[in-house]
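Below is one structure. I have some questions about it.
Lettered A, B and C in written order, each chain numbered from 1.
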Amino acid sequence: MPLKLKKTIAPGLVTAFLFCLPLFLSGDYYLTMVCSLFLYVTISQSWNLLGGYTGQINVGQSAFFGTGALVARLLWTGGLPFIPALLCGAFSSVLLSLVIGIPALRLRGHYFAIGTLAVAWIAFLLAENLFPGVTFLPGKYVATYSLLPRYYLYLVIMLSTILVVFLVVHSRMGLAMEAIREDEEAAQASGVNMTKYKVIAFVISSFFVGLAGGAFAYFHVSYYWYLPFILMWCFEPILITFIGGAGTLWGPIIGSFCYVALKEVFALTLGEVNVLIFGAVFIFIILFFPKGIIGVPEKLQEHLSKKAKSRQSARQKV
Amino acid sequence: MRKGNFITAAGILSFSLVFLLLPFMGGQSYGGAPEKIKVGASVALTGKFAGGGVDVADGYKLAQKHINEDGGIYVKEYDKKLPIEIIIYDDESDPNKTVARLEKLNSVDKVVAYLGGFSSAMNTAGLAIAEKNKVPWVGVTIAAEGVFSQGFKYTFAPCMFSFMEVTAFYDALDSLPESQRPKKIANFELQSDWGIECGKYLKEFGQKRGYEITLTEKYAKGTSDFSSLIMAAKAAGCDAVFSVPTPPQSMTLIKQMKELGYAPPVTCFIRGPDLSNYWEVMGKDANYILTCGEWSPDMKYPGNERLVKDFREEKKTEIIGMQVGCGYGAVQVLADAIERGGTLDSKAIRDALTKTDMVTVRGHVTFDERGIGMVPYSLCQWQNGKLEVVTNPDHTTAKVVPAPPWDQR
Amino acid sequence: MEIGQFIIYGIINGSIYALVAVGLALIMGIMGIFYLAHGCMAMIGAYISFWLFQDAGLDPFLSIPLSMGILFIIGLAMYKGLFSSMKAFSPGQKIRNSMLVSFGLVLIIENMAVLIWTANERRVSTDYSGLTFDLAGLRVPYIGVVTVILAILVVFGLHYFLKKTFFGRSIWAISQDYQCARLMGINVDRTMLIAFGIGMSLTAIAGAIISQYSVSPSIGLDWVNKSLIIVVLAGVGSIGGVFYAGLLLGVLESVSAYFVGVHYTGVVSLVILLLILVFRPQGIFAKGAGI
């Protein structure tokens, strides 16, 4: 079988499995957990494009997530059908990224990080003050609420995020982005238009984060308007991506899995100390696997080959 | 590299197994005739809101203990008394988690009713899930009337809401002799849904009852410097101030009022100062502050003595948080409804809740058609280290005392 | 007249910000460790001051040497256990890994604090808290004056310590070029260890002040966010600049309350930060790379 076909079979099977998954899961609880997982994969993978591949550490993702959610929810509860509302939300997020991104991307390193954090914080304060209450789904939507369409929405958004990031990363654009990450001066010297690629990465990233925000707005029956703007939405994708392995396609996926699954298991079984133990496990993973979980097989191989080598040299000595 | 891919895939598969194991964690569901009545709650046991969350959970657990000690709840359908089990999960002060926990309680643990969590953000998320799942929800620590005006049928809150707090405030002012009664009120308006609601009712009720809201100054949750508000109120000569600050704002406000020499005869701060350790933290500066009085260990309602005695014995502490009593009361309401409903069917319990008419440890409870609890309007005042009940239709332990200027204390 | 009162509070608040941020300026700005748990350490410092006051009756200012000592030792243990393995990492990886580890630390510390001390707010109420004196019709809290003096002493004290003493200059040398410093005979491990301890013990001073406002287990993240902003505003690597940056932020926040209302002051100070970043990204006081 040609290699290209082989490479598409596994992902194809997984995708088919995910589409059929609701048949095997009984009860809203599982669907809710899996939706949560898909959400985290989406926002982490989007962040990964700008942060992991292009090396621009964006600490302000909550502003984009929140904008997507806010616009989508406003339009949808205002009467617009959901899909157009969702897209409007995503495009508002992109608009914001152009307005913020173009001046912000002139900043390097720490400054870009702090600048984006400041933007996210401003967005949160504005949301808290301008929208101080709760957003409720109108009665008719609550009566017909079903988790299934929400599951598929999250699934489709997650798959398209992964697909687009995959395509970008394996294209010339991706090469340029990684070059920028490795050494900005050198990249510029070899003719890479830094601003162009940074902006592209930012725009793509914020588009998918905005979509995720809209999905969030669709999912929750009622929440305080400021909820999608809280700063945890900035920090979690960064942590997840790094702990999974930044700059790799699998990193955010594995990271999200571990983060969501572990947190839930601990919360259900460990009672009051669950967050504490989670923090300890977190630290343990970083200290022993500095490249992230995706580096685990590598480390194991290293460890095993070291053992093999020492066994070999011991044999030779005899 | 191929080995690496294999290991990675294996890793992912094993984690997927974790998801499949999730149902076996936390609660077990039994088939057939129930051995107990299962009720669930998602409460903030860790995180920012853990202080009040733990109090609410303690109230639930104590009520569970007492109900079971008395034999349980009589369910007509099975013609016997069944014990109640309250499953409490931690939502880590995160409304997203509240949703997940409540879904688990419904799909996996198969509870017949929900109890609320602590504080509006979590409760708002929680009650929406209850409505969606058509499972009755009884909760406290939610005060925004707007939240209960969505036409939801399954949600009930036996606690004081914004318009009740404001009414109680005006009752307290009315109770002062004419010569000492404040006329000009300053409203420090927290920009949250219930802060703004209180502002609206202050104006509305004030007009009807002859009080003037001289000034309204807004602040937000993150505000840490109140000097501009205090100086404005001082300059306008306001002799009463009303606000709904949570800690640490409830402390900073008083500290700065002292520094700036502003001592209105009546200071009413709902929420922050009702925490039992407020005196410990503020010392004498807490004197004369009026605050929420939903429940106090000194109230003489039936069942309260037992609650207070047991709690103090178990926890070996004098101080009992207000939410312990409120949580206990919520369980009483639910248990009573289950008994009157006669079955463990969610709709029957819900219908029985609408007809609630009982006296709990925090007073008489009925519900209006929105599910808002009609409970006694009650305020307390810090007087020499003790939270005295100063406004309450049934029992007061002291009268409202106007505050003297700072240098005379 | 009113504006004067705001400026006074602004200066006091700014001094607190500077006191909290200065430790981070050393740990993050110079040592390159992205220490997200910094705010939590200030929280611990505040709790230490509180418990020493509550149980032993020690005035929070007088107990500073004791809490500094405790935090110094905690700092040594923390560095040895968690960050010493990162000393040879490239700056990018060091920042990344230290950020992740310190995030885990935040979770652990905050939750341990809730378990041990409960989530209730605590505050040190001394006899002199809230007392003020009159300055041209304005009220100045005594504690505020002490805070400003402490901020000046600590920030500029650290600045000169790093510039003038051998130990201080070796910290700089290590941060500039790790290998070179080793070749020059500097005991890198011991120097970094002690430097980290110093950075931590400085938060004890901030903690003593914070304990007189209020402390609870969850205040850590907000403080570290503020400190990050101040460190960057001052210019990463600048110590003295931290005082001015803190003051600037504090006064801006206070005064803007007059114009936009107290609920928007946060927005104003952040917008100013953004403007400064756009026009002078290296921070106000950094003189380029180096001391």
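The rule is simple: a contact is a pair of C-beta atoms (placed from the backbone, for glycine too) under 8 Å apart; a residue touches a chain by one contact, two chains touch by 3 or more.
Please read these numbers as outputs of a predicted model, since none were measured by experiment.
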| item | value |
| --- | --- |
| Top chain pair, ranked by how many C-beta pairs fall in contact | A-B |
| Centroid-based (C-alpha) most distant chain relative to subunit A | B |
| Length of the line joining the C-alpha centres of subunit A and subunit C, rounded to whole Å | 31 |
| Subunit B and subunit C, separation of their C-alpha mean positions in angstrom | 36 |
| Multi-chain contact residues (two or more partners), subunit B | 46-47, 191, 220, 222 |
| Multi-partner residues of subunit C (each touching 2 or more other chains) | 111, 263-264, 266 |
| Shared interface positions of subunit A, touching two or more other chains | 125, 129, 272, 275 |
| Contact footprint of subunit A on subunit B as seen in their complex | 3-4, 7-8, 11-12, 15, 18-19, 21-23, 25-26, 45-47, 89-90, 92, 95-97, 99-100, 103-104, 106-108, 120-121, 124-125, 127-129, 131-133, 144, 146-147, 150-152, 191-193, 195-196, 220-222 |
| Complex contacts: residues of subunit B adjacent to subunit C | 46-51, 54, 191, 217-220, 222-229, 231, 247-248, 251-252, 255, 258-261, 275, 277, 281-283, 285 |
| Complex contacts: residues of subunit A adjacent to subunit B | 26-30, 32-34, 36, 125, 128-129, 132-134, 136-137, 139, 142, 145, 220-224, 227, 250, 253-254, 257-258, 261, 264-265, 267-269, 271-272, 274-275, 293-294, 296-298, 300-301 |
| Complex contact set, residues of subunit A against subunit C | 103, 106-108, 110-111, 114-115, 117-119, 121-122, 125-126, 129, 231, 235, 238-239, 242-243, 246, 272-273, 275-276, 278-280, 282-283, 286-287, 290 |
| Subunit C residues touching subunit A - in the complex, by the definition given at the top | 82, 85, 89, 93, 96-97, 99-101, 103-108, 110-112, 115, 221, 225, 228-229, 232, 236, 263-264, 266-267, 270-271, 273-274, 277-278, 281-282 |
